[in-house]
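Same chain, two partners: chain A is paired with chain B first, then with chain C.
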Partner chain A sequence: MADKLIGKDKIGDFLKALMSKYTVVAPIERGDAPAEFQEIADGDTPVLDGSKNMMPPKDYLLPRHEVLVKIDMSGGETKVETPLPEDKPRVIMGAWLPDAQGIQVLDRVFLDRKFIDPYYARRRENLALVAVIPAEMRWSWFCGSVDDVDTWKAGVDALMYDLGDKFYVEVNSDKGAALLEGAPMSVVSDVDVAAKDKLWTEFKNTGLLPFAGKALYENLAWDDPVWGEIADKCIACGMCSYMCPTCTCFDIQDETCGNCVERYRCRDTCQFEDFTLMGHGHNPRSTQLPRSRQRLLHKFRYQHEQFGVVGCTGCGRCVELCPVNVDIREVLCRTCAEPMEQAAEN
Partner chain B sequence: MIQDTIRQEAKKALESGEVRMVIGWGAGSVPFKTTPVFVDNPQDTDKLIWNPACTNNLAVYLTKLARDGKVGIVAKPCDVRSIVTLIREKQVKRENVFIIGVGCGGVVDATSLQNGDVKLREITSLEWDGGDLLVTTETTKTKLSAAAVLREQCKECDDRTPSVSDVSIGEAVVRASDLKIEIPGLSEDRQKYWAEQFSRCIRCYACRQVCPACYCETCFCDRIEPKWTAKKATTDEAWMFHATRAMHLVGRCISCGECERVCPVGIPAVELARELNAIAKERYGFEAGDPQADKPLLGNYQENDVDPAHHSE
Partner chain C sequence: MIETTHENPITTLPYTPMPAVVTKIITETWDTKTFRAEFTDEALKENFTYEPGQFQQVSVFGVGECTFCLTSSPTRKGYIEFSVKKVGSVTSALHSMTEGGVVGIRAPLGNYLPYHEWKGKNLLFAGGGIGMAPMRALLNFCLDNRDDYGDITTIYGARTPGDLCFKYEYEEWDSKGKLHLTVDAGEDDWKGHVGHVPGYLKELAPSPENTIAITCGPPIMIKFILPEFANLGFKPEQIYTTLEMKMKCGVGKCGRCNIGSKLVCLDGPVFSLAEIDELPPEF
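== the complex of A and B ==
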């Protein structure tokens, strides 16, 4: 399908038509709270231009609280229920391209051939992804430094470029074409193409740092003194991972209520002391240093070794939000400038 | 200049061996942020900085770092109130802290700068210019009114110079009374208001971790036996966490506002503490962070104390 334009004044009608066939998930602002990716209903006005995306789309695909199993023993017999999400066609609209790439990382973890997570799979199977390149790049982005962003386009079904009063829409798959069929769109002019190319170049060049294009996984060493320096100031909250579009760690807990048991999944993070606390009291990561090290090595080395992807898309949330300004970009710059010899790990 | 004096005092304290380390603010990864630094060598004292972005309440590090031996800490008046509380509650020994107190006219919420014409990525420096914030980029200088950029807690803070210090530096430039701004009180429909706030909580615990008064080695909500609150991010569980935390902070929260600053979903946790502190002041005449009080609020029972159960509004 050729590239098309859609006026921002037509987005409302387009969404309405789309909602008759798909469950549309997009950032919605409620009150003063930051916009969250939610299923939109009639009357909602989602923010599709990427200007309000602080909460990552991960929150929809991997909810912060999800019941996995319900066991009910109240009627004398034991009833077991596994409440899988509804099987329905969905589309995520208005996700930053780095967040769409983040979903590719989640896929590696939850849809790997050996272990398919049925809950995640149910939401993901029938999902189309429409990403956005906003008119203004965020100061904290460093996407082009962690990966070749041109390859990210293959992971989305359509990509919308914000050109002010209209979006330039690039369709990348049959799914994307089906989604946009019948949409009130017009043909693109050379001027539009030039504007889109300019925005793409800006995105590619945003936050290009000395480590761009380098094999980060080769430079992050177990013994680097930088882990201790991060750990000194890190206050051990879980914000960097809870807000991260690719951090996937979760906890599973059972809750009893009378004759019922609910087994649920919720977020967890390697930054918390009890994350690695064993039942018998031993904690293999007993101080903050190994915890700080774990988060970065997992993203840049272990995930690369396991899945061939880097677990960071340069979205900059942790850069913007860290309460003590631990800036992952600085850490990467440093480990890249002074790579340490890989020592034996234990 | 305040910054130079901070460095000199830190250097003196390190060189004389009075302290083994000075905790202060250092240059952040971007000019509109700062980051905690721990200086243990007199030659490194030029890492210490002072500017309108020195937001962090560094007292949060004292329980860990001032346990064995004396450390220096650069502290704003609000941070000093935290230190006073930690000393009163015997978490830190007074003789283990060397307070380099800095007069403060309020600090800036960097995210509020985004709303103006200023682009964050272009900022090269932030400084006070009289009552205004001077934002410099490579090509422009923009003045923003303090009322527009100060953190909420700073707007209502009257504590402009540290109440306790070993060295006191500088004077406040912006006076709180000059720009006293009406802070909305608690919503009338409290239940609904707080349910909405807590429904957004992602349980990252940044509010707790950044709080100097939250020094418990194991937080009640991390306990498994007994399990006070579940880990899941639902409104009820978040309510349990925030309400219990607020009750634990009565007479101890000094309204530095760090919890609000770091919350990624904008929960105004400090509103709860402010309300509870107001009650503590009204009923028991206790003010959090007041160096005159010799015992903690909850550690100072008097026979004639107001009994909340029989207290009529």
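== the complex of A and C ==
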């Protein structure tokens, strides 16, 4: 499908038509608070340009709380049921491109290994993803530093570039084409293409740090002193994991009500002390230092070794929100840029 | 949408435990019991297969789930067994269970001891304490396929004679193979060897020729036994162990059990020493 334009004044009608076929999830403004991805209803006016986003739309693939199995022990028999998510088509609209790329990382974890996660798979099959490049770049983004962002486009069904009073829409899949079928769109002009290319270049160059993507995972050392320095500052609040579009770690717990048990999963993080604490008291990551190292090596090295993708999309949330100002960009510059300079000198 | 399953759902619904009845509880030591369980679903009970070295997730519904190795041998069909040391909430709930109680099982999980590559070789098991449990699966498997292997030697130790598990199988282990027992501290009626497993290994000095060593035990035993194996001439490729890490899902998703880029639940729990040497030092 050729690239198209859609005027911002036509978005309301477009969403209305879309909502007859899909559940639409988009950022809804909440006063002074950042917008939140919600299932929109008639009359909602979501902010699709990405300017109000803070939380990634991860909840719609990996809910914060999800019942995995229900066990009924009434009547002397143990019955186990598996409540899989409802089979309904859903569109996420207005996600930042780095958040959409985050879903590619989730896919590797939940769909790519020996076991497929049936809950995630059911939601993912039903999901169409429309990402956005906002008119103004977020100050904390460093997407182009962690990966070749041109490869990210293939992971979204459609990509909207905010060109002021209109969106420039690139369609990348059949799902995306189906989504936009019949939408009130017009053809693009050379001026529009130039404006879109300019915006893309700006996105690519936002927050470029002094190291190349490849050196990243090769240069992170197990015994780098930086892990100790992060650990000294870190208060293990888990904010970085909670807001992260690629963090997937979860806990599984039982909740009992009478003769019934609900086994649910909920978010967890490698930053918590009891994450790897075993019943007999041994904990392989018993202090903050190995926990700080684990989070960053997992994203930048282990996931690359496992799947060939970098587990960070440079969305910058952890940079913006860390209460003790641990700046992942600084860490990467120190661990990755220095060896490169040395290599250049040799 | 609710889906109820009657077959082993591990490949399609990997978080769904299957009910099993505890049919036998053996008190091994003051803090360890071995549980025998049979799936309530007849078809699953009949068709369930696994390999020595694999593990399972055992649920006490309402309390939680815990990781245990399958200590039974797949040659002995109709049931599975797991040995439990009482340390936390789930293990305590299991210990207070009686025969006829219901548990949930997710199994089989993980890789296994590559016994098919070891046909015609001598096998040397060196275990300490509850570390004998994962090796018992392979030991009994090999004794049931006795003609496929050369010498089958077991060196097993514990703190005191009362801490030795699986006493009811020693006769079989010593008649079909060779069993050497040792304790750190004997009691008056203890006629066997006194000393740690690594020291006893040095004393017995088995030949590494055409031999695979399988070892499992507390970290301190592993630390001291590896140099003894090396002194005897065992190469890292000849030494196998099973690793332990905290797990919740057991299927590669929850993020707890990685050592570097390897996951103990998917890439393990069985590793050769050669493979372990490639991992970051995090266990």
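Odds and ends about this structure:
Note that the second predicted complex is superposed on the first by the 324 of 346 C-alpha atoms of A that agree within 3 Å, B and C clash if a C-alpha of one lies under 4 Å from a C-alpha of the other, contacts with A are read in each partner's own complex, and residues count from 1 in each chain.
What we mean here is this: a residue touches a chain if its C-beta (ideal position, glycine included) is under 8 Å from a C-beta of that chain, and two chains touch if they have at least 3 such contacts.
Keep in mind it's a predicted model, so treat the numbers as computed, not measured.
With chain A as the common reference, the superposed partners chain B and chain C fit together side by side. Applying the stated contact rule after C-alpha superposition, one finds that A:251 touches each of chain B and chain C.
When the shared chain is aligned, chain B comes close enough to touch A:235, but chain C does not.
When both complexes are overlaid on chain A, the residue A:323 reaches chain B alone and has no touch with chain C.
In the superposition on chain A, no contact is made by A:286 with either chain B or chain C. When both complexes are overlaid on chain A, the residue A:82 reaches chain C alone and has no touch with chain B.
In the overlay built on the shared chain, the residue A:186 is in contact with neither chain B nor chain C.
More residues of chain A lie in contact with C than with the other chain of the pair chain B and chain C. Across the superposed structures, the minimum distance from chain B to chain C, using CA atoms, reads 8 Å. Where the contact sets of chain A with chain B and with chain C meet, they give residues 251, 253, 268. Interface of chain A with chain C (complex): residues 68-69, 71, 73, 78-87, 109-110, 113-118, 222, 248-254, 256, 261, 263, 265, 268, 270, 275-282, 284-285, 290, 294, 297-298, 301-303, 305-306. Of all the residues in chain C, the ones that touch chain A in their complex are 1-5, 9, 11-19, 40, 59, 61-66, 85, 87-88, 90-91, 102, 104, 219, 244-246, 248-249, 251-256, 258, 260-261, 266, 280, 282-283. Residues 28-30, 33-38, 56, 60, 119-121, 196, 200, 202-206, 208-210, 222, 230-234, 258, 261-262, 264-266 of chain B are the ones touching chain A in the complex.
Of all residues in chain A, only 31-34, 36, 54-55, 64-65, 139, 232-233, 235-239, 242-243, 251, 253, 255, 264, 266-269, 272-274, 319, 321, 323-327, 329-330 touch chain B in the complex they form.
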